[in-house]
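Some structures are shown below for you to check.
One chain, chain A, appears in both complexes that follow, with chain B as partner in the first and chain C in the second.
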Partner chain A sequence: MTHPLARLAFAGVLAVLGFLLPRLLGGSSLVYDTLVAIAIFSAMSYGLDVILSDLGEISLVHTAFFATGAYAAAILTVTYGFSAWTALAGAVLAALALALVLGVITLRTREFAFSLVTYAAAVVCMNVASNWDFLGGSDGIVGIPPLDLSIGGIELTAGRSAEFWPFAYLLLLLTLYVVHRFRRSRLGQAALMVHMNPRLATMCGLDGNRIRLQVFLLSAVISAAAGWLYAFQRAYVGTDLFDTYFLVLMLTGVILAGRRILLGPLLGTALLLSQKSFASLGAYGDKLVLGVVLVGVLCLCPKGLASLWPRRRAAAVTDAPANTNPANTNKARFPSPVWERGQG
Partner chain B sequence: MLARRSVLAGLIATPLVPRPTWARDPIAADPIKVGVIIPLSGGAGRQGQDVSHAVQSMATLINEAGGVLGRPVEILVKDDESTPAIGVAKANELAAAGVAVVLEGWNSPVTLAMQSVLARAGILDITMISKADAILASASNPLAIRLNSANAQDAAIIAKYLGSLSKKARIVFVTENDAYGNGAQQGIEAEFKKAGLDYTIAQTLKFPFAQTDFRVEITSIRDARPDYVISINANEGAGLPAFLQQYAQANVGAPVICTVGTVSPSVIETAGKAANGLHSADIYFPQTEPFASDPENKRFVAQMQKQFKAEPDKFMALGAASLQIWAKAVATAGSLDRKAVAGAIRGQEIPGTIFGTVRFDASGQMQHRHFVFTVKDGKIVVES
Partner chain C sequence: MNVAQQLVNGIVIGHAYALVAVGWTLLLGAARLVNFGHGQMYMIGAFVAWWVMAATGLPYWLAVVAAVLLGAALGAVMQRLFLRLTLSQDLVNLMIVTLGFGQALEGAAGLAFGPKPQTLASPFQEMSVHLGPVWFTVQDAILVGATILVFALLYLALHRSWLGAAVRMVAEDPRLTALGGFKVSRIYMGIFAFEGAAVAFAAALVAPRTPILTSMGFDQVVMTFVVVVLGGIGSVLGSYVAGLGIGLFTALFGALVSPAYTTAAVFALLIAAMVLRPGQLAASGSFAR
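Up next, the complex of A and B:
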């Protein structure tokens, strides 16, 4: 399937099937709840995925961006009575502002130091939220109204999970599109070069820190948009949004399927949340399963479960003549799965 | 499982004269599903399991007495893992399962997260234990109901007790840094001022709910040289016993006052000798008057012994009373409708419960009488 129109049609069919998935799975409330959670938390995870896969860094501050989106939604709708659209704009702006500050501070560090600094930043954010009355302090903010994105005479509202599904699904599709376009963009290619071969990037005239900051800002907006929708779905925001629960969900979602795979975080998050919803072994059992799966994946297939996929194309890429394009060099290191064929 | 057996036994034994097929109402045999969301794992896991046992015991008693609206009660228990996001997922699961009511709440943030979801799903939500003031103040759940005493009620009793000991003192707060802990401390400080007590807050040491190593905080307490230490710690499975043990080892000397309802028998059992000498207050003691001679309480205590070989504590009593009060309200309302049942509880007086005749104020808060106690030789000694 190499023709662009054929790929577009295939993606369109997949998108329609995805939208109908809750009904195909029986349409129960549990199915809708689970799929809405998968869509929102996957979108959240894509923010981290961009940093992990394209910059090669492990950010531990992305819960703060997720929380920023949620808090902005809560404050703007509950405290000031603004609409959900304004809240979305506010969530994006607040996340950009926070990412700019954190980016300037953290992006000069690398690897272990970067992770440590981002973790410290997340702890600071959590403590600020816990102790600042404007953010609801330790009580958080209750009473977020149902989502209302109505435009003119078109009513677009959601209170229950089944009503949330179209919005959560659209957010997921938008996120997938943005990440897909980013990886094909000059910024995406530059980020990869800065990550894989910083010296070459410098020789090519790329400003590594500037590119890293731009990617950081993009990733913050993605996670914040997910937080914005989550606030309306849950109707309450509190300091638990900074908890390791969300961080572990993001990290595992990204790592499980494999890095730099467009559908990776979606599949990883879907696996985790589906197990908890439909095949739960209780809290301790679920954690045990998660631990065993993580250890198994990291030890047996460190490039993620997707690396078990048939490697015909990967072998073809590896066998190809030496390519001086650094982006292509990287593709040899991170074989693309079938659903990204034809990219780059 | 025992509850189901009892129900089945009842169903088999009752119809001595079988009714004709056309006269049988199939709906009457359908159980009414009641959801319970509480931590069953982690720091509060043990207490949460106890509470779920107590609810199941009460369900057995209710079913033996004919059920609710002639239908048996079936209890569905979910573990919120003390995590708001998981609490929300479990609330959605119970809504999907078609429960008539959800009895929930150990951690205030989890309750706050769940109550909006349940209200949107049109399910009555009764908070058993969580104490944050915001739970009853939330616009997203105008039909909120809570059984455990409120922070304000608890604060008044702590201030009154301390005031009876000394009018001037240095106080250190060791406070859980969340909706419950901060609200409790604010309430106690406000009561100090209201009572005109000349207390100096020498230090406030805040810690996260899951913390179990308090050695740094205890060093700070020693340096502050307080007359009294007020502990606000709802992590009764691990955090509070750990604090008490480490505090006793450090031999600081200042008496520890634990906020109302945080010292369950399991805390004393886990902390061992380190619990001796601590002061607190609570709202329920199964073997102390006026509860000891109350027939409803005696029935509940006996059922707990029979079904789970356990003596109930305050949390278990609150769990069981939640179900009992809901069942009585449904009988009064004559329906399972959320508004009708809430209306039969909020602002009403309900007789014949484990707590005797109980009264709810208009905001849905159950009123309590508090009993101050001291731990002596590993036993709770009620003072007043």
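Up next, the complex of A and C:
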């Protein structure tokens, strides 16, 4: 699997198998519904994954980016009658604008403060969405038309879940590709350096704030694109998009498998949503399960389930710089002296 | 608009915010833990009090005691779960884990108490006091009195007692506290139990004002988040002042400008404060001021 061509072929086979997965699982409408939801929500989670794994911050505002994409799609198609393509452009632009404002605001905050400010921002967004009539107020916006992405003579429409699957799957593949390319790009490497060793990054001539802002913008676009598709799938947007449930789903999806594993958020989201679809315990039971899974993972194996798999860990150490963070390993091995506490 | 009445409303709401926030303030100051499950703990406290009254017919004040005891137990459970993360000061993971804890509580409460809205019936909610142009209920007066009492006791305990000194020491440096021969995990146990008991007490006093729902956790305490952070990390007096200030702000903003955008306005204030003065968050010196 080391040869690039072999790797490409493996990825290709995996992609084709993934596409055929609903049929392999019987092709019932429940299977299609579940897989479409998995594709959309894991695409949404990748937005957060980029921030969490590569920038090392926890953003609690990504539900707002997801909602921005969905609201932009709803307003542009329902209120103004634009096409789905225009709506996509609008969703991306709206998310970029919101992310730019938030990014500039949060630029100087780190870790703890960053999470608190992003949480506060999410509350403001939710409050505005539920009161501003332009955004549908507390009723939301209903009657979003079926997805229609036809170009020229090629008809590309989707009404039911089975027809929706190719689009959701394509969005997922595209997201995976973007995240994969990002991690190998100059920006991705720079982001990691800013995260792991800010002083070294500064000495290499990197502008930490600028890189953080760029990554923030990228992650907002990823989540917003997922929100855009979700609006068409559900034909309705409302303030429930800001629900903590989505936030917890995203965070659990990213953390469940482990950070900086390309397929991690997909697997995590798939596990959570499969439970919800095929082994549901009712709305309250599912909430309980989601909460218990998140608490369990973080309290028992904070590095994710993949860290329980010894072979995988050995591979991850050579592959991913995330696990060789000198600060973390040092902390784990030698307790830092008392006088250094508080500086870290 | 009756300005005097709005001021009275603001004072009552402000004390409610402060009382709901007090446990969280101590938790944040001593363990650096932003407890996003706080709202769900509030909800559990209210529902336990309601259930005790509905199922056993015990009087209101006994229901308050029961809620406080169960709240303390819930806090102890949290300490058992989060001890490792707390000791390693993994602040961000701690924050996420409390989000999950809140979800789990909400799911469990939904299974146990059902989806219907309920009313926690306090006998004092029906009695009202009229003083010239203003009026308030006896429940409001009890709430204000209890809040002042709790804050005064906590302040004295932190500054005048051996136990308070231990808590302040843990807040300053857990390792050094352990070197000093203290059992850090026991002190944390006390802090977490106080958080649980305090929020349940607040819920039992505040919840009779409105119907209760198992899904109310987030909305009911979203202002508390502002109180805790704006008051200065872990500052007891600070959170009292912040609670009162935000109570007055929401009452006046709601009456004068727009009731719908009150939350957004308060949170915008918070964001501005945090971005303009980020150092305030990192400082540990403000604890127990």
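FYI, the second predicted complex is superposed on the first by the 308 of 344 C-alpha atoms of A that agree within 3 Å, B and C clash if a C-alpha of one lies under 4 Å from a C-alpha of the other, contacts with A are read in each partner's own complex, and residues count from 1 in each chain.
Assume a residue touches a chain if its C-beta (ideal position, glycine included) is under 8 Å from a C-beta of that chain, and two chains touch if they have at least 3 such contacts.
Please read these numbers as outputs of a predicted model, since none were measured by experiment.
Asks: Taking chain A as the common reference for superposition, should the pair chain B and chain C be classed as clashing or as fitting?
Replies: clash
Asks: In the superposed arrangement, does A:Gly159 touch chain B (first), chain C (second), both or neither?
Replies: In the superposition, A:Gly159 contacts chain B only.
Asks: State whether chain B or chain C is in contact with more residues of chain A in the superposed arrangement.
Replies: Per-residue touch count on chain A favours C.
Asks: May I ask you to decide whether A:Gly140 touches chain B, chain C, both, or neither, giving the answer as first, second, both or neither?
Replies: First partner only, chain B.
Asks: Once chain A of both complexes is superposed, is A:Asp33 in touch with chain B (first), chain C (second), both, or neither?
Replies: first
Asks: Scan A:Val124 for contacts with chain B and chain C and give back first, second, both or neither.
Replies: It touches chain C, and chain B stays clear.
Asks: Does the superposition put A:Arg7 against chain B (first), chain C (second), both, or neither?
Replies: In the superposition, A:Arg7 contacts neither chain B nor chain C.
Asks: Contacts for A:Pro302 in the overlay, against chain B (first) and chain C (second): which applies, first, second, both or neither?
Replies: second
Asks: Which partner does A:Tyr284 contact after superposing on A: first (chain B), second (chain C), both, neither?
Replies: Both chain B and chain C are touched by A:Tyr284.
Asks: Could you look at A:Thr239 and tell me whether it touches chain B, chain C, both or neither (first, second, both, neither)?
Replies: Only chain B; A:Thr239 stays clear of chain C.
Asks: Considering only touches as defined above, state whether A:His180 meets chain B (first), chain C (second), both or neither.
Replies: neither
Asks: Taking the two structures together, which residues of chain A meet both chain B and chain C?
Replies: In chain A, positions 245, 282-284 sit in both the chain B and chain C interfaces.
Asks: Within their complex, state which residues of chain C touch chain A.
Replies: It is residues 32, 34, 36, 81-82, 84-85, 88, 90-93, 95-97, 99-111, 173, 175-176, 214, 218, 222, 225-226, 229, 260-261, 263-264, 267-268, 270-271, 274-275, 278, 281-282, 284 of chain C that touch chain A.
Asks: Show me the residue ranges of chain A that touch chain B in the complex, using the header's touch definition.
Replies: So the residues of chain A in touch with chain B come to 28-30, 33, 37, 130, 137-140, 142-144, 146, 159-161, 234-236, 238-240, 243, 245-246, 276-277, 282-284.
Asks: Show which residues of chain B lie in contact with chain A when the two form their complex.
Replies: 40-42, 45, 79, 81, 83-86, 88-89, 92-93, 95-96, 108-109, 112-113, 115-117, 120-121, 132-134, 137-140, 177-179, 181-183
Asks: Mind listing the chain A positions that touch chain C in their complex?
Replies: Residues in contact with chain C: 57-58, 105-106, 108-109, 111-113, 115-117, 119-121, 123-124, 127-128, 131, 244-245, 247-248, 251-252, 255, 282-295, 298-299, 302, 331, 335, 338, 341-342.
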